[in-house]
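Before anything else, here is the set of structures, which you'll find just below.
Heads up, the next two complexes both have chain A, just with different partners, chain B and then chain C.
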Partner chain A sequence: MSSFILDGKQIEFKQGQTIIQAAADHGIDIPHFCWHPSLSISGNCRVCLVEVERMPKLVIACSTLAAEGMVVHTNSEKTLAARNAVMEFILINHPLDCPICDEAGECKLQDYAYQHSVGESRFTEEKMHKDKRVELGPHVMFDGERCISCSRCIRFCDEIAGEPQLTFVQRGDRVTIVTYPGKELDNPYSLNVTDICPVGALTNRDFRFKARVWDMSSTKSVCSGCARGCNTDIWVRSNEILRLTPRHNEEVNSYWMCDEGRLNTFKHVNSESRVSGPQIKRDGKLNKSNWDEAYAAAFGELKSYTKDEIAFIGSAASTCEDNYILAKFAKTVIGAKHIDFPRHIKAGDQDNILIREDKTPNALGAELAGIRPAADGLTFHAIMKAVDEGRIKALYVVEEDLVGLNPAYKETLRKLELLIVHASNYNETTELANIIFPAATYAEKNGTWVNFQGRIQRIRPAVTTIEGDRSLDNLAMSRLDKFGTEFDRWGNVKKMDARPVWKIISGLANTQSGKFRYSTSEDVFNELVKSVPDFSGLDYDVIGEKGAALKKFVNTKTV
Partner chain B sequence: MEFKFTEENLQKIETVLKKYPEKKAAVMPVLYIAQEQNGYISGEVMKEVARVCEMPEEEVLGVVTFYTMYHQKPIGKYHIQVCTNVSCMLRGAYEIYDKVKDQLRINNGEVTADRQFSLEEVECMGSCGTAPMIAVNEDYYENLDVSSTIKILESLK
Partner chain C sequence: MEKIVLPDIPNFDKIDTYLANGGFSAYRKALTQYPDDIIDQVKKSGLRGRGGAAFSAGLKWSFMPKTTDKPKYLCVNGDESEPGSFKDRQIFEYNPFQLIEGILITCYAIGAKTCYIYIRGEYHKWVKFMEKAVETAYEKGFVGEKMKEVFGGGFFCDIHVHKGAGAYICGEESSLMNSIEGKRPYPRVKPPFPAQNGLWGNPTTINNVETITNVPAIINKGWEWYASIGEPKHPGTILFGVSGHVNKPGVYELPSGTLLTDIIYSYAGGVPGNKKIKCVIPGGSSMPPLRGDQLEGVKMDAESLRMAGSAIGTGGIMVMDEDTDLVKVLARITKFYYHESCGQCTPCREGTGWMLKLLNRILRGEGSTKDVELLVSVANNIEGNTVCALGEAAAWPVKFMVTRFRDEFEARVKESAAREVVNKVHSMRRTVNPISPINI
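On to the complex of A and B.
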């Protein structure tokens, strides 16, 4: 391999790599605005200027190819002077918006102004004024004054979303970003431009002005919107999710996620419709009960049916751990054979970028973890038919809104004698339930999902429940968690009395056998690994932050 | 209003396109032909140019707004461009510019009511050696002063 010298360090590079890429591969960050590892090179911001020995002028690191023996300086006097000059130049027309700008705290321009700028401007004239609130599309707001014309957003639309919806118009200091008159920035991936915009010019209309970034904690998670399982960060303040952002994982979603997943997979967590505390129906009315009472009631009821009369419905939205425990309970404690889960396929809603037809994050995992009918058991549709015909009298449903899935099931479910559901939110199915267990959402628990590529990935609690212990669950801490007092809002946040499926079912099982002894979802996972060969070799550390391919899917190339 | 190139212009475009490795590269000359035919570049014109050059209309819009020589609004029969860049300015360009505004009773970027004249203050037109200068449509008038400028305007009326 060839190498060059960067600030005295030897850096190996592949032929065709630029200086900035080679440096990035070695964890060295050369200042840049317009360069983005997944977009074409534009070379317009000039902040990446570096000194290369024996080259007459400074060169931009983002488009200069690394060459054998090159000696590059990123902190020499000349480089620093150039960087200062570039910063001063970019800041000439940049408004002093930081105190009211959503980007503050995660703004490249702000960071570089601290790190690489002299902190003074010689520009005494009036700054350029431009439109400050342009609705570029349904989700994205544009502030013309903050834009530094790096063209990342334009290139994203052209190259990644495949819809060239943005362009520069005018030139010089009048240059600005627009959509074509009469058109909008409305591609299914539009919000990614708000992540890659290095400044606060493009903001997420759903999140604007909700929180300062340093007041939120961010937790590494996975999107629940479809079988892709885009890696995400969940941003929380005062125990409330305020936004999701994509997290880089080249194997799954690169730097991106779709707008649908970003906007519509977390609001139910904060919603008023959450179920908090177990609910038992008596005389047609739901009453809150305590957990032990609910466990005993549910177990007692289940036991009064024969195993042919009972069916269990797992969920591709639940974790592998949840589904494993459900299957184990159904098969070993109840002896049931009718066990399956419904598919959520939205035919045609799929593209060559990220979006998958299967709108669940863990269909593969649910199946592998044991949610399959026994040899003589019924599949999901057959189960529903049997319910309709009165052959199945008791149904145990985990995290599925069956009526929401198919309104006709409303009549079907009415025919049941016993309906037990785990639900995070009240819905049309819970209306018909005899017992409701409040389910912790994916944002409140640990666990794993297997995406359509056969890649297992971890979710982690970002929001705490009543029994959740922030330090024990390794919850990410925000400034408020660390420094807040009981007099702050954080001391009085809303917490749900909800539990993960594996824990509820263990509680249920233990009213009799006492054999479901797990204190964390990791315990469940370790048992799952021992009993299901497809998971062998895995543990939570191996899966880590970026996931791991299940053995039988290694080398099957799915994109 | 739909815009279609005339047969004659379509032939011109054919020849122009041949000069470039890809159609997109011909966008500027094609826009010129369109402007000649239509008088200015409307949204419909941009759509048609985008189609002919096989590129997104967003990019055509970018080109049109980048160059001041493309007009997005109708201009006068005589489009008067007054240079006020350094060389011309030092030799009295602002007096000329003010006089033209005065005579035509329009401001920068405006068109007279009879659509005869339009005015634009521009940067360097590459004629510094003969400053100050103005351009009327494609023609340069150089080494001007206020009175010679008035004469030019009179001759056009």
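On to the complex of A and C.
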């Protein structure tokens, strides 16, 4: 392999790599604004100017190819002079409004101003004025004065979203970014520009002014919006999710996620409609109960039906662990054979970027974990037909709003004698339920999902529940690490009385047998790995932060 | 003295006159030779680009890949927008067919099938001239597929006249290509250079109008003849556009190496009112200005002007007499580059505006000696740090005008006042090692 010298350090590079790429591969950050590893090179910010021996002028590290024996200085007098000059230029017309800027705390310009500029400017003229608070589209707000014209957003729209909706207009320091007159920045991926904007010029209208970024904790998770399973960070303050952002995973979503997933997959967690505490219907009215009472009631009711009269509905939104325990309970404790889960296919809503037709995060995992009918069992539609015909009298539904899926099921479900539901939020299905178990959402529990590529990925609790607060299976960091600021009032906020599916069903099973002994979802997963060959070789550490391909999918090209 | 580019022949812009004076004989002669031989002759002739950088034309042609499946292009740069330059339009008006013949020879030499003549957006009149001439050439079969019948030899090429939309930056060769492609004319990051990655990613050569117009004479009369004209290191005739405080402003075709003082006093008729000269910009507004007392013995060719502390540029000579307010001149020049900075890269986008604001402050009488220093410092911070040469074009006039006429500027400002205002970006000096964990 070829190598060059970067500040006295030998750096290996692949043919065709630029200096900045080769450095990045070795974990060395050469300051840059406009360069982004997934976008074309524009070379406009000039912050990455470096000195290369035997080259007459400074060169930009983002476009200069690394060459054998090249000697590069990122800290030489000449380089520092150029970098300081460029930093000063960038800042002369920048409003320096960090105290009221949403980007503060995660702003490249702010970071570099501290790291790489001299701290003061010689500019005493009036700054350029440009349009502020421009609604570029339904989700994105633009501040022209903060913009440093790096063109990342323009290149993102052109190259990644495939919809060239943004452009520069004007010249010189009047340059600003607009959409075509009468058009909006409304592509399905528009909010990614707020992530890659190195300053606070492009902000997320849904998140604007909600929190300072340093007051939030972030937790590595996976988007629940479709079968892609984009890697995300969940940002929480005071036990409330304020935003999701994509997390880099080249195998799954690169640096991106869609607006739908970003905006519409977490609001139910914070919603007023959350179910808190088990609910048992008596005389047509739901009453809050305690867990043990609810377990006993549910188990007793289930036992009063024959196994042909009972069906179980799992969910592709639940984790593999949840579905595994559900299947195990249904098959070994109840002896049921009618077990399946409904698909959520939105025909045609798919592209060749990220979005998948299957709007669930774990269809593959649910099936592999055992949510499928026995040889003589009924599939989902057959189960619903059997309910309609009165052949099935008791239905156990996990994390599925069947009426929401198909309004006609309202009448179908009325024919049941017993409907037990796990739900995080009240909905039309819970209205018909005899017993409701409050379900912890994906943001409140550990577990795994298998995406459409056959890649297993972990979700982690970002928000705590009453139960989670005391369990071994909760937040990854200690309280102080995670909620370290005095503005994060995690201690005295409302917490839900909700539990993950695997824990509820274990409780149910243990009212009689006591054989479902798991203290964490990891315990469940380890048993799953032993009993389902598709998962062999895996554990939570192997899956790690970026997931792992299930063996039989390793060589499947699905990206 | 024989004139090569603008001969004193009446009606030379008419095809019949052009043909009667040996028109297209150079192309016929070129067809009897190998393309590489043509490139070789132009290289040996010493023909250097007339667009500003004075780069060897033959050498530039030789960068074009010999074996490639891609189409090759020639662009003729007629975006002449530099203040003080007005020579190419004379060629469009008075000698369009020699330009066309030069294009044919160049296309043959580099293997290009398509040529774009890119003409400055404000040159409506000259676009019309050139369109007319190209149309005539097509009708006569001198351009396009009919060339094969008219000249024989199996080679043909097409010429398109492309009118710019009115931006100085389009004269920068990579901006010009983006403009032809219909894109925003931002200069491209180099390398790759146009010969590798030009129009639509294909090999492309870009030459100035005047450069190309010289080519037929070199082929016709031989490289030895051309190399013997004027200064050996920068041979041939050069079109000098003289403007400012002279009695007879205009375009003069003279051998390279002609004395600057001869051009001003003999050809351009001297300074009105016999005033003294304070300042001369010898190559268009972006080139370093010379002091009036530095003009003696300065010859007008690339090497001599470099020695004299300036550059040949486009040969646009701007003469300013002793009564000229150079602060005002510099403010006006800087306003031009501020207006024309494309805004792509940081130093030029931000720096041109800053320099203009400083100059305006000095003009208003509110400047201090510190502002003069700052002006030079800002210019130095732009120079060498930009994507294209417009950074230098904006920085050089400021840097050299201030350093060469410092007295003029200092006379306009107050002793550095206690105006110790600093715009605090943050209160911390550098405390962090510049190399920090990767942060996309």
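We take it that the second predicted complex is superposed on the first by the 540 of 559 C-alpha atoms of A that agree within 3 Å, B and C clash if a C-alpha of one lies under 4 Å from a C-alpha of the other, contacts with A are read in each partner's own complex, and residues count from 1 in each chain.
As a working rule, a contact is a pair of C-beta atoms (placed from the backbone, for glycine too) under 8 Å apart; a residue touches a chain by one contact, two chains touch by 3 or more.
Because the structure is predicted, anything quoted here is derived from the model rather than measured.
Should the superposition on chain A be reported as showing a clash between chain B and chain C, or a fit?
They clash: once the shared chain is superposed, the two partners overlap in space.
Which partner chains sit in contact with A:Glu125 here, chain B, chain C, both or neither? Use first/second/both/neither.
second
A:Ile148 contacts which: chain B (first), chain C (second), both, neither?
After superposing on A, A:Ile148 lies in contact with chain C but is clear of chain B.
Is A:Gln170 in contact with chain B, with chain C, with both, or with neither (first, second, both, neither)?
both
Identify the partner contact of A:Gly377: answer first if only chain B is touched, second if only chain C is, both if each is, neither if none is.
Touch partners of A:Gly377: none, neither chain B nor chain C.
Considering only the touch criterion stated at the top, classify A:Ile60 as touching first (chain B), second (chain C), both, or neither.
In the superposition, A:Ile60 contacts chain C only.
Thinking of the overlay built on chain A, is A:Thr179 touched by chain B (first), by chain C (second), by both, or by neither?
Only chain B; A:Thr179 stays clear of chain C.
Scan A:Pro95 for contacts with chain B and chain C and give back first, second, both or neither.
neither
More residues of chain A are touched by which chain, chain B or chain C?
C
For the superposed three-chain arrangement, which chain C stretch in 221-229, 293-301, 329-337 or 419-427 runs into chain B?
Once both complexes are placed on chain A, chain C clashes with chain B in 329-337.
Shared contact residues on chain A for chain B and chain C?
167-168, 170-171
Contact residues on chain C for chain A in the complex?
For this pair, the touching residues of chain C are 167, 169, 184, 186, 189, 338-354, 357-358, 361, 374, 377, 381, 384-387, 419, 421-432, 434-440.
Quick check: in the complex, which residue numbers of chain A touch chain C?
7, 24, 27-31, 36-37, 41-47, 49, 57-58, 60, 63, 74-75, 80, 82-83, 85-86, 88-93, 96, 108, 111, 113-126, 128, 148-149, 167-168, 170-175, 196, 248, 255
Report the residues of chain A in contact with chain B in the complex, numbered from low to high.
Interface residues on chain A, with respect to chain B: 164-171, 178-183.
Quick check on the complex: what are the chain B residues that touch chain A?
Chain B residues touching chain A: 43, 56-59, 61-62, 65-66.
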